[in-house]
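Structures are listed in the sections that come next.
Across the two complexes that follow, chain A remains constant while its partner is chain B and subsequently chain C.
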Partner chain A sequence: MNYPVWDVPFLGAGMVVAIIAIIHVLISHFAIGGGALLFVAELWSDRQPDGERIREWLHKYATFFLVYTTVFGAMTGVGIWFSIQLASPEGTSLLIHQFVFAWAIEWVLFLVELTLLYLYYYGWRKNSRRLQVALAGLYFVIAWGSLFVINGILTFMLTPGGWTIENRDMAAGFFNPGYLPSLLIRTLVMFLVAGLGGLLVAARLEEEGGLKERIVVFCSRWVLPAALLLPGLSYWYWKTLPSNTARLMAAGATGLGGGRLEVMTLFAVAAGVAGTLLVLGSLLYQVRPRALGVAGAMALFVVAQIGFLGGEFARELARKPYVIYDTLYSNSLWKHKAAEAGYRQQPYLSLTRWDPDVVPLTPQHGEWAFRLQCASCHTRSGYRGIIPRTESWTPLSGFKWLETMDQQGVPPPFVGTAEDRAAISSYIQSLHGKNVGAAEILAEAQADGRRRSDGGETREVMP
Partner chain B sequence: MTVDDTRRDPGIPVAAGREERSPDPRFVPIPPEAEERSSDPRFVPIPPEAEERFSDSRFVTIPPEAEEALPPADTVTGKLGRAFFRRLPVWPLVEFLSKKKVPRHRHSFWYTIGSMALFFLVVQIVTGVLLMVYYSPSQPWSSVQRIVMEIPFGGLLRSIHHWSANLMLLALFVHLFSTFFMKAYRPPRELTWLTGLALLGTTMFLGFSGYLLPWDDLSFFATRVGISELEKMPLLGTWIAGLARGGPDVTVDTIGRFYPLHVVVLPLLLLAVLSVHLFFVQVQGVSEPDSFRALPPEQKRYHRFFSEYLVNEIPIWMALAALLVALSALFPRVLAPEADPAAAAPEGIKPEWYFMVPFQMLKLFPGSLELLGMALTGLIPVLFLVVPFVDRSVPADRRGRVATRVGVAFLVYLVAMTVWGMVS
Partner chain C sequence: MNHLLLATGLWDALPLPPADPLGYPIPVELLRALAYLTLTLHFLALHFTLGGMILWLWVRVRRPTCAESLSRYLGGGLTLGFSYLVTLGIPPLLFVQVIYGQLFYSSSVIIGAHWILVVPLLIVAYGLLYLHKLTRVRSPRPQWIWLLVALLAMLSIGFFYVNNFTLMQEPDQWMLTYAMRPDGQSLNMRNPTVVPRLFTFLSPALAVAGLGLLLAGAFLRGRGRFGPDDPGEGGPDNQGEGGPDDQGEGGPEPQRRVRASEGDGGPSGPGRGRTFQALGLKAFLVSLAATVLSGAWFVTRIPEEVLGRLREAPLLVPVGAAGVALFLVATVLVFAATRTRSFLLPVLATLTTAGGLATIVILRDLLRIAWLEPVFSTGRVPVHPQWTMFFLFLASLVVGLALVVVLTTVVVRNLLTEAPSAR
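Moving on to the complex of A and B:
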């Protein structure tokens, strides 16, 4: 770690956030949907002659639920905070300041949620049946409330809607175009995950007297709402995406994007495939409940985890190159500032919050400029690595590419002087094992510029 | 002019009188001798002995057990089932399979690895056929580029094919070692073991032949290096290398050889050996580890293969399918620049991980020691081939324990060499 820039080799900071997040997201959906399952199963068990035995299974479920959601949920939840503020301090700060009240509500809800869960779990033998049912139901309502809140902030990042950097209209940002479809999609998905958790616990039951069958059928039904409604809701959600994103995603499928950002589409496909498989898998056990084994149930959980990976990655990538769509780039550059006259022509390092104070045109200059301006999106040779992407660069072509890099489609505009560009180009050459000084590149570029103006040539198109 | 003449030569004008009867001279009525032939006694009645054969008891009756197991005769499935078994006397087979059991114990999970490999094979066949739609061996690189850049989902298919190939090989290696440590190679399963080794070998060749097909920098030079290592083999080396390349160097002619190998010859071979392998597994059942075998009968627990065990395989295949798509999204297979045979080989050309051990061995034994390195590498398959004939005792005796230890050493050696080769 290189404070103040979080320079994670191979993965990149964004990827670390993403890895923690996809684990967390599965858990957090389970934490809410599982509450609904506890509540419904409590009611269901009351109506069954062997309700006691159903509740034995439910107790195992609750144990798994409690450990999995509170221990791992809390760990990964804190992990997300820890990593996002390192990956994007500006973005984190904006989200905190813009949604102070939402966060306050969210944390109160978390606290109540946890309290209710402990009351429910540890009161298993002592509490009356009615109290248990009420606690489970209340737990679900509060937990779902926490989704209601966080969903506004999450969807804001991709579809800020009527919110702008000038009006800072919290309500418009919170109830943004993506809010409702996303809320419904997540709600259905959490029911699905709750059912999968139920299957996992039921897989260990011995088959006797048809109890296992009934529980398995009960759990596998939780997939049905998602199976029926998700296609339509996904289409709705797709319709709310920024048109640019939607176009890129479609181009990724047809290959018209020339391979560019196809990854976003691939992740969306992964989510779709996983979702379809989950529906089929759950239906399989509805038909053959007796067959359910631990390996099978675990495999479905893995499918769900992969589905979350696909969905959340697609959502994250849909935002590239922004952290807050159309507002803040991933490298903490504000779009409105980049648009100000003269802003982009200032020496880059002097604009950063932690000026490393290096001597211009030294190798350190290039490295720091790369870290601060590029490393939030590109690793060196790992995820979205810069080395494979600059295979064909010469010192001069790199220098020129940087000047117009925002015209290449996705990357943000370059901020900095010719010296900064020469330094980065020199640094990138050094990554390829070639030693070309930044001052040399700058001189070459100036000579090239003079030749061009002497010859009366127009600007050459980039290779 | 006779009727026959007209038929033979449609160009000849038809006599006026004939015209009404048959406007087109080519379509004259059936000639009398043909008419006659159709009344040939050989063709008309069903001979009595055939009639008899059809009512052969083997074909008609449904065994009472089958009758019982089938749905009622007045339902559609019941009717179809009865019609089926009335025609095909396969009830004993169905009965055999329905009784098939899979032992349940601590190590049961390992039984699944083989079916995982099978799943990857199916994926390979499906994606491979789809890739063939646009792949062209005469323009290897540009056709692959078109698949990746232009064809809808082409890049995804290619990445899945790549990942599935690698995972299939990984699954096969895991399967090899898990069956090794369960000592499944002992009698009566020697042939299952040997066919399994053949499957692994065939799959490695499939990987090798497929790797060249995109004709990019990496694949070209890796293949060139691979074959030139082969060339150093004593006696047959030069001949084999020349045959594989179709000349002194890797050229488009090599693709002419590798392509049919990759899409026809090796897959057919693989399927043939696989059917033998699976036949043995089905007939003999999976092997039981000694610890399970030693249990008293009342403590032995089983899964029924149909459908309890099989149903639980399905989600595992689903997870693998999802994994393939996710891996293809996270790490899409990139197409390197087109191979330029005249250029110097890029630095650090390495084979795929499953060929890393021989590669690393040759690096360790340079120059005149090379033959020694080769001989040592050649020992690996030989040891696997002979083990079922050396370690035969159930339960394991001293030889069995030695075999296990050798296996552990082998596993460590293979993994270490592979990792070393990949990072160095």
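Moving on to the complex of A and C:
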């Protein structure tokens, strides 16, 4: 409400965030789990007769790890910051002001983690075995510490627990109901991804003295904790979700939601299927390690990426209609403001002040009201496109739908006058190539209201 | 423009978002101090990397004495420098969002399409630096192309940053700019300070890279070479930067013939050291002159009304005087450092230059405060203290930095040792 809306054609600002975040999330999990793998593999290599050859593989793993996690992981991590401030400045501001020192601590951990990785990698030939093992272990501990911190902020957005905008209770918001199951799930998933990374590097090894087989078996074991424990943890996480989210997702699963939120359910299912495929694939390579080739290892990584896509999209959609659950709607409308008497009935553009002084009921009125109230979630014809969603709308049905749109469960409550709704309905008709003026829609609505009133209906359409 | 708006009371009509309802988590002076400290560190890493890239390209083109050694040294630190410039850039970005969030977010959205380009540009620049590093020995490809493109990407990022940080100071420009391109494809080119400001903040790059050469030069004059992996100017140039990433696929390094002019008959270690120091001095002086000139240009482009408010800032004179003094002392130290193999002088020169950069950072904020004075004051934002978290952060910072210093000392000592690998 207080900020301009970045009106990105076709993609929408939310999709820009998603593209960067989905790439980042896989790499960030790899960046932590990979540290554990480096540590354990260092110890494992000491117990093997051909430990030096295992460390040659480990060095290749570390090279891939270093370049992949720092170039793509760290940069996309910064990218998430850039994108969320564009997509939801109000929500980002709230998170930054509430958790600034949590973020600052995460930065310290990241700085130390990065340095440890460089010391481990660049000291490869010169450091003692003991120091290398210590550096790898310390790297993992510090990197997991950064997960410990960021997990509090991420889960806060969906399950803020006892935190409210009034009490600003940082501890209640950070250690919220979703915190622990999410932390455990992410910890298992990062082990899984670390194993997949190991398989990817091992796939290029030559068959020689059973080395490749042993490394493949070693790496595929990293999938087992997730295979065994994720179903139970996912159920636990599910139980922490807000009732509205659980209801919407369940409705999508059973088809009772009329397909409205099927996409969220589909993403959740995609994550589940991907996870199952990863477990099965890894188990296959554990039984038949010689079967592992570059294509197979790559395929597992791609499946993992799809799994992350599903999981992260489902988590994002689960927050609807909020960006900070029960506090701030996804279009930056504060819940407590919306609940104030008379607030929602004020002229929308006078509340935002981000329009170029448009004349009421003109086409520009509808365009700017749509942009500022709807475009943070909806594009015109691309991602969450409004055109395909309003194929069946008439000018009047659109006008009416807007008034009660929050009853659908996904959109926030509408803010604005009847003129605002008429202007947006007119604008949406224009997107379908139909020229119906806002004043015309308003007159039709008034006539309809009178008809219903005369017919004895008690529900008033007009405010 | 500001005068007109003030006189007509139109500030109230500006779409300036209110401060975040959560307020500041600690007094704003402390937030500013954290922002100044971390931004100075960010600028140091930025200038070291950017200056290193420019000097590397210069060495490639001009082929001075010790060209191979110089390019190996300058090229070797680029990926590390880039990594730290990004990492050290995070906290100042965090603190500017806390202090000036409603201004910063608004301007970011208005130039959103360009602002988000920073992300792919970062990836391209960093990726190319790694490509430059990892293919340096094995590949005959012209390495300067990777570096030139990476340099252009970094300059573009700087341009977008300056655009955003000038636009956030001008709420009176927001609505017009946003209304023209709500998709964020605008740039803030109306502000007269954009270009000189960009030059001013990039000019110290060669100075900081020059200080790196002074440190390396002192080391070479004392030790002869960087370590067992450093072949020296006369040895075969096949050792990369001493990192294992130059080892090929785990097997022996493919040998590369070094041209006689590059390798044979080069100066001795101490001779190389003096060459490093001479180039470091030159880079420092050129950079300092460029900073003074572009800074003067920058000041002449600041609107008179803003300058008037800036002159009233109590910190302006002491900080400005401290800046001039620090850079003068740094220059003297740099001259002295070229005549010695001691580490002390180049270290002191680096510290005083860092102090000088810190004064630029503070002056930059004083200018922002003056620019924003009619419309925004941090004094009006409430403080809801989060002292426990603040002290937790400070404790983590102290412990983290101690860990980094201790372990880095151990590993660097290992890297410089002549003893065979312990692995």
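Convention: the second predicted complex is superposed on the first by the 442 of 463 C-alpha atoms of A that agree within 3 Å, B and C clash if a C-alpha of one lies under 4 Å from a C-alpha of the other, contacts with A are read in each partner's own complex, and residues count from 1 in each chain.
We take it that a residue touches a chain if its C-beta (ideal position, glycine included) is under 8 Å from a C-beta of that chain, and two chains touch if they have at least 3 such contacts.
Fair warning: this is a prediction, and the values are worked out from it, not measured in the lab.
Visitor: Just from the overlay, do chain B and chain C fit on chain A, or is there a clash?
Guide: Aligned on chain A, chain B and chain C fit with no clash.
Visitor: Check the residue A:P9 against both partner chains and state whether it touches chain B (first), chain C (second), both, or neither.
Guide: A:P9 contacts chain C only, not chain B.
Visitor: Considering only touches as defined above, state whether A:I20 meets chain B (first), chain C (second), both or neither.
Guide: In the superposed model, A:I20 contacts chain C only, not chain B.
Visitor: Using the superposition on chain A described above, determine whether A:A295 touches chain B (first), chain C (second), both, or neither.
Guide: The answer is first: A:A295 touches chain B but not chain C.
Visitor: Is A:L309 contacted by the first partner chain B, the second partner chain C, both or neither?
Guide: first
Visitor: Touching A:G281 in the superposition: chain B (first), chain C (second), both, neither?
Guide: Once the two structures are laid over each other on A, A:G281 reaches chain B alone.
Visitor: Taking the superposition on A as described, I'd like to know which of chain B and chain C A:R380 touches: first, second, both or neither.
Guide: Touch partners of A:R380: none, neither chain B nor chain C.
Visitor: Determine, under the contact definition given at the top, whether A:A74 touches first (chain B), second (chain C), both, or neither.
Guide: Touch status of A:A74: second partner only.
Visitor: Determine how wide the angle is at the CA centre of chain A between the CA centres of chain C and chain B, giving a multiple of 10 degrees.
Guide: Taking chain A as the apex, chain B and chain C sit 120 degrees apart.
Visitor: Is A:V269 touching anything from chain B or chain C once the two structures are fitted on A? First, second, both or neither.
Guide: first
Visitor: Under the stated touch criterion, name the partner, chain B or chain C, that contacts more residues in chain A.
Guide: Touching more residues of chain A than the other partner does is C.
Visitor: Tell me, in angstrom, the smallest C-alpha to C-alpha distance between chain B and chain C in the overlaid model?
Guide: Scanning every C-alpha pair, the shortest chain B to chain C distance is 19 Å.
Visitor: Share the list of chain A residues that count as touching for chain B in one structure and for chain C in the other.
Guide: Comparing the two interfaces on chain A, one with chain B and one with chain C, no residues are shared.
Visitor: State the interface residues of chain C toward chain A in the complex, per the touch definition above.
Guide: Contacts found on chain C: 13-15, 17-18, 20-25, 34, 80, 83-84, 86-91, 93-95, 97-98, 101-102, 104-106, 108-110, 112-113, 115-116, 118-119, 122-123, 126-127, 130, 134, 174-176, 178-179, 182-184, 242-245, 247, 249-250, 384, 386, 389-390, 392-393, 396-397, 400, 403-404, 407-408, 410-411, 414-415, 417, 421-423.
Visitor: Which stretch or stretches of chain B touch chain A in the complex?
Guide: Counting only chain B, the residues touching chain A are 109, 112, 148-156, 303, 307-309, 311-316, 318-319, 321-323, 325-326, 328-329, 332, 334.
Visitor: Please output the residues of chain A touching chain C within their complex, sorted ascending.
Guide: 2-9, 13, 16, 20, 55-56, 59-60, 63, 67, 70-72, 74-76, 78-79, 81-83, 85-86, 89-90, 92-94, 96-98, 100-105, 107-112, 114-116, 118-119, 121-129, 131-132, 135, 138, 165, 168, 170, 352-356, 371
Visitor: Within their complex, state which residues of chain A touch chain B.
Guide: 253-256, 258-259, 262-263, 266-267, 269-270, 273-274, 277, 280-281, 284-285, 288, 290-293, 295-297, 299-300, 302-303, 306-307, 309-310, 313, 388
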